[in-house]
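Okay, got some structures for you below.
Look for subunit A in each of the two complexes below; its partner is subunit B in the first and subunit C in the second.
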Partner chain A sequence: MVLASLSLASAQDSRMSLPTTVGAGSAFSIHSTGSGKAVLYIVGPGQALRRDVQLGESTYFPVGSLYNAGHYLVILVAGSSTDNGWVDVVPANTPANLSFLAKPSRLPIGLHNGISGTVYIFDVYHNLITKPTPVSFKLSNPSGSAQQRAVTAHEGVATTEMDSSEKEGFAKFEAQVDGISSTRVVEQVPGSPCGLTMIARPSGKGIQLATNPVRDCSGNAVPDGTIITFTESYDGAQSTADVPLKHGVAQVEIPAHPGATITVASGVVLGNEIHWQK
Partner chain B sequence: MNKGRVLAVFITAATVALIAIGTLWPGKTALQYSGGKNLLRTSSTPQAAVENLGDEIRLRAWGAAYSSLGNKAEFSQSDFVHDLTGYYLSLRTYATLESFEVRPLHASSDQAEVRLRMHWSSVVGPFTTTRDLQVVKNGDRWNVDWPLVRKTVVPPQVIPENYLRWDVIYRGPGDDWGVQDVEAPHVRIVDMHPVQRAEGVVVLGELLNEDVVPAYVSVRATLQSKSGSPISTEGSFDKISHILLPKQVTPFFVNFPNATLSDVGSIRMEPLSGLVSASAGPVIVIENQQLNPAPGATVTGQLVNQSGQVVNIAHILETLYDKTGQVVWVADQYTDHALLPLTPIPFDIHIPEDLARKVSSERTIVETYSVGGVH
Partner chain C sequence: MTIKATLVLFSILVAPGALLAAQAVVHVQPPDLHGPRQLQDQTATAVVRDYLESWQSLTAALEKNRVDLLDQDFVGTAKDKLTDTMRQQAALGIHTRYQDRAHDIRIVFYAPDGLSVQLIDNVVYDERVVDNKKVLTTQRAHVRYTVVLTPAETRWRVRIFQADPE
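Coming up: the complex of A and B.
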């Protein structure tokens, strides 16, 4: 059992001796002088205690009595006379919980300082630990590479920024404080298609158009479902189709028009051009 | 007390008189909705026969309309009804015939050709269909030969579908507040251009979904005066594809009625996006798109549904560009027919006459809504 510091507050009334600070959830005692019975009230943020006390004795408060950090008013009522004072309940020194905010949960690859992590450090009673505390952040990429940052938390908060990797996939973002850790997952997604190319083949009366496997500039496969736009222009008219990637390629059949020019694009990225002569 | 009795007697007498007048000389609309037969003229001329048929279609008096046809032996009443309301669920199914125009084309003593233009009202606005009808004299009456468009038959086949589908699971109420939620899709306005029109200011542009997940999108625009104070805020409602697949681009159109561009100092644009469950299909190919110059400027083409699923409603969005590639207008149209697999459906979108000369190229996208399959 740990007893709180019993350093006395000099300015307090002689009938009640209060500790100036108490660790959140720690045991402590309050000594009173005089004789007879009295009632002791402790009122603070989210908590109020009432104890019948015998004046001249110490009143003992076990572990977990006061657990919300803050400024508490202590009142001793004995008959018609009262005595009062203040006690500060401070967060425990040992971190027990971390609230870790990692943003965004999804971002493109290769973004400098694109990932931000902010950690809030709490004790076992969810009081924010405001004393400077070392925090380590680690972003582990699917390729096995990792970025690490050591930051000191001030007023209970530590923040950092990391780069997204050049390789797509789910990265593990971890914050660690004094053996306590919290992990988030950040999805790093491929960028826009790069070097988009298609091939055209005759197919009955039409043309079968198909892209080569679509990748971004870092060589990552662009996700299925991404829209690829094929456009065939001929004699002042055109045919178009928005086609989603399936298994890395997009394909569609369009009518064949001799002399037509066929282009491929995805979003604002243009691909190659084919002149259909058959 | 006496005054009250006099008033009561007066109201009663007036009510009786009005009922009598309404019964003896009913209004045209009242007669229509009461199913009164007196509305219909005798089919003593080709035009009267077509007008009667139009009135019966408007009243959805399918039995009477079918009975009046001269060629009813060639098809059933059900075929006739479905020809007008659609064989598959579509905009036509719930459309009502608001009005029609009858225009004689040719006539002889026993045969005539009459054009029937039907103006329908639907949930997304009006549309018009035209039928050229042969009208044949039968004794002292004229009967319409209805040019039935038969149900398109899709050959029995198996069309494999393995399109992606995205579903979204958001964080739960019991999760710790630091737990990440799914990130909203990243979208970007890639083009924006205000235009002064007679009815006000229109902000046109294009929006790109640059993410790898589907997005529900909208655009909000705020006109600001030269001093920076807001004049008006409006959002894009129609003329935008609200669901954008990854790397898809939609036009948008934000209308500020009664605003004047010369009063505007700047425009604040806000692209809005949210995650949405979506499917990557069906693929619609837009064939033979053609820009037809003024007068009567239009963009025409055909939609071909390359999937095995029936598309009940297709929303065609046309982005029109000038020679420099800047958006000059956004036009749209809904198909009144369902799109059956591999069956071309034509479209014809009107372009404002004054803008038609500026238009150099166009881009078409199609947003689709499906509720069922082929049967």
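Coming up: the complex of A and C.
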């Protein structure tokens, strides 16, 4: 058995007087008994320190000496004698840094819980503050409306979800903790076209087709570049024309075929239908 | 093997070639998520697997004071802090070996965007400190770790690795 072969020393030593916990970055001291010189080690995955000390005196560690939260093994070596103990370094109580991730950065309007925000809370030494901490989330829309959520962070993390607004534009998404805030910008873009319609009129030997201004269901203009598809069906044949929106409308000239049926669509959204008789 | 099982028990081997071919006993408890997103079994399994592998990297890196051994499994704050520790150890002429003996893991958070997972691990490990080839001590520790992992190209990497008082 591997464990049996290890020489495990006692967990706590009587020659050292150790604090049980130390606030990250706070000053502290370790007192030892006896006389003569010794070496004091404080070692953990977060930091490693070594001090030459005088037994019987207190060894002072000034502010900023031990700042990474963690569980530290303290070893006092005096000649052939070794004593051990443990110290926990805990995060500072005051938040100093937020890691705030808002997703997505761009989304359609009117999506329920379409925007998520996750914030991790750190102290000045980038230790995760794991005690329950109130967090305020606020999504401010261009129209001036805002959604707010109050959440308690557990184990250093808080999350929320927000609805995208009914109006396009850039929204400010802010997380705030104890006076510290972090802001992200979320672009809300118009949704799919709604109530897509076109008109047709003769143009020489052809037909001039043009949509009315294309808007989503909230009245926002659908962005230029959105593809509008015109389809003409006649005598068992079919031809299509894909046209990008320009200045909010799409227009194209197609050959005229008496009896043709002409439709307009954008993606899966269908518009009106025209039967050309001329 | 499924994370949904009330208790899953399995073992991992330390890196091949390690002097102590020790096994860590691993308990994975059912997720207790405080976020809105559900966690798929495959994701949970991958997170736990990659996290446990990160202990092998940590052990090797701190024992050899080699920062490059962290690259596969650590990023961000966790990597920065471990890197600083290795530099301090190297400057002091000391090495440490953290041999994990047992893990009791529970995933507690999965971000709505899927870009971070948080777990709590009650770890038992042996810490051996060596100063200029002289073993100063080996001590057993029972520590509660808060760990945040984020996805990389092919695996989850440890971004926050922090021991908290139990």
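Just so it is clear, the second predicted complex is superposed on the first by the 266 of 278 C-alpha atoms of A that agree within 3 Å, B and C clash if a C-alpha of one lies under 4 Å from a C-alpha of the other, contacts with A are read in each partner's own complex, and residues count from 1 in each chain.
Keep in mind that, in the parts below, a contact is a pair of C-beta atoms (placed from the backbone, for glycine too) under 8 Å apart; a residue touches a chain by one contact, two chains touch by 3 or more.
Keep in mind it's a predicted model, so treat the numbers as computed, not measured.
Partners subunit B and subunit C, brought together by superposition on subunit A, fit side by side with no clash. When the shared chain is aligned, subunit C comes close enough to touch A:21, but subunit B does not. By the document's definition of touching, of the two partners only subunit B reaches A:190; subunit C does not. Using the contact criterion defined above for the overlaid structures, shared-chain residue A:46 touches subunit C, although it does not reach subunit B.
Once the two complexes are laid over each other on the shared chain, residue contacts for A:159 go to subunit C alone; subunit B is not touched. Judged by the touch definition given at the top, the superposed model places A:120 against both subunit B and subunit C.
Contacts of A:84 after superposition: subunit C is touched, whereas subunit B is not reached. Once chain A of one complex is fitted onto chain A of the other, the partner contacts of A:223 are limited to subunit B, with no touch recorded for subunit C. Of the two partner chains placed around the shared chain by superposition, subunit B is the only one that A:267 touches, whereas subunit C remains out of contact. Applying the stated contact rule after C-alpha superposition, one finds that A:150 touches neither subunit B nor subunit C. After superposing both complexes on chain A, the closest C-alpha pair between subunit B and subunit C lies 8 Å apart. Subunit A residues 101, 103-104, 120 lie at the interface with subunit B in one structure and with subunit C in the other.
Put simply, subunit C touches subunit A in their complex at residues 20-22, 34-36, 58, 62, 77, 80-82, 84-85, 88-89, 92, 94, 96, 98, 101, 108-109, 111-113, 115-116, 118, 120, 126-127, 129, 131, 136-141, 143, 146, 148, 160-165.
Subunit B contributes residues 162-164, 166, 176-178, 180-183, 190, 208-214, 245-249, 280-281, 283-291, 301, 306, 363-366 to its touches with subunit A in the complex.
By the touch criterion given at the top, residues 2-3, 6-9, 11, 21, 41, 43-50, 68-71, 73, 75, 77, 82, 84, 86, 88, 90-91, 101, 103-104, 113, 116, 118, 120, 122, 126-128, 130, 154-157, 159, 161 of subunit A touch subunit C in their complex.
Listed in rising order, the residues of subunit A touching subunit B in the complex are 98-107, 120, 182, 184-185, 189-190, 192-193, 222-228, 236-244, 246, 252-255, 266-269.
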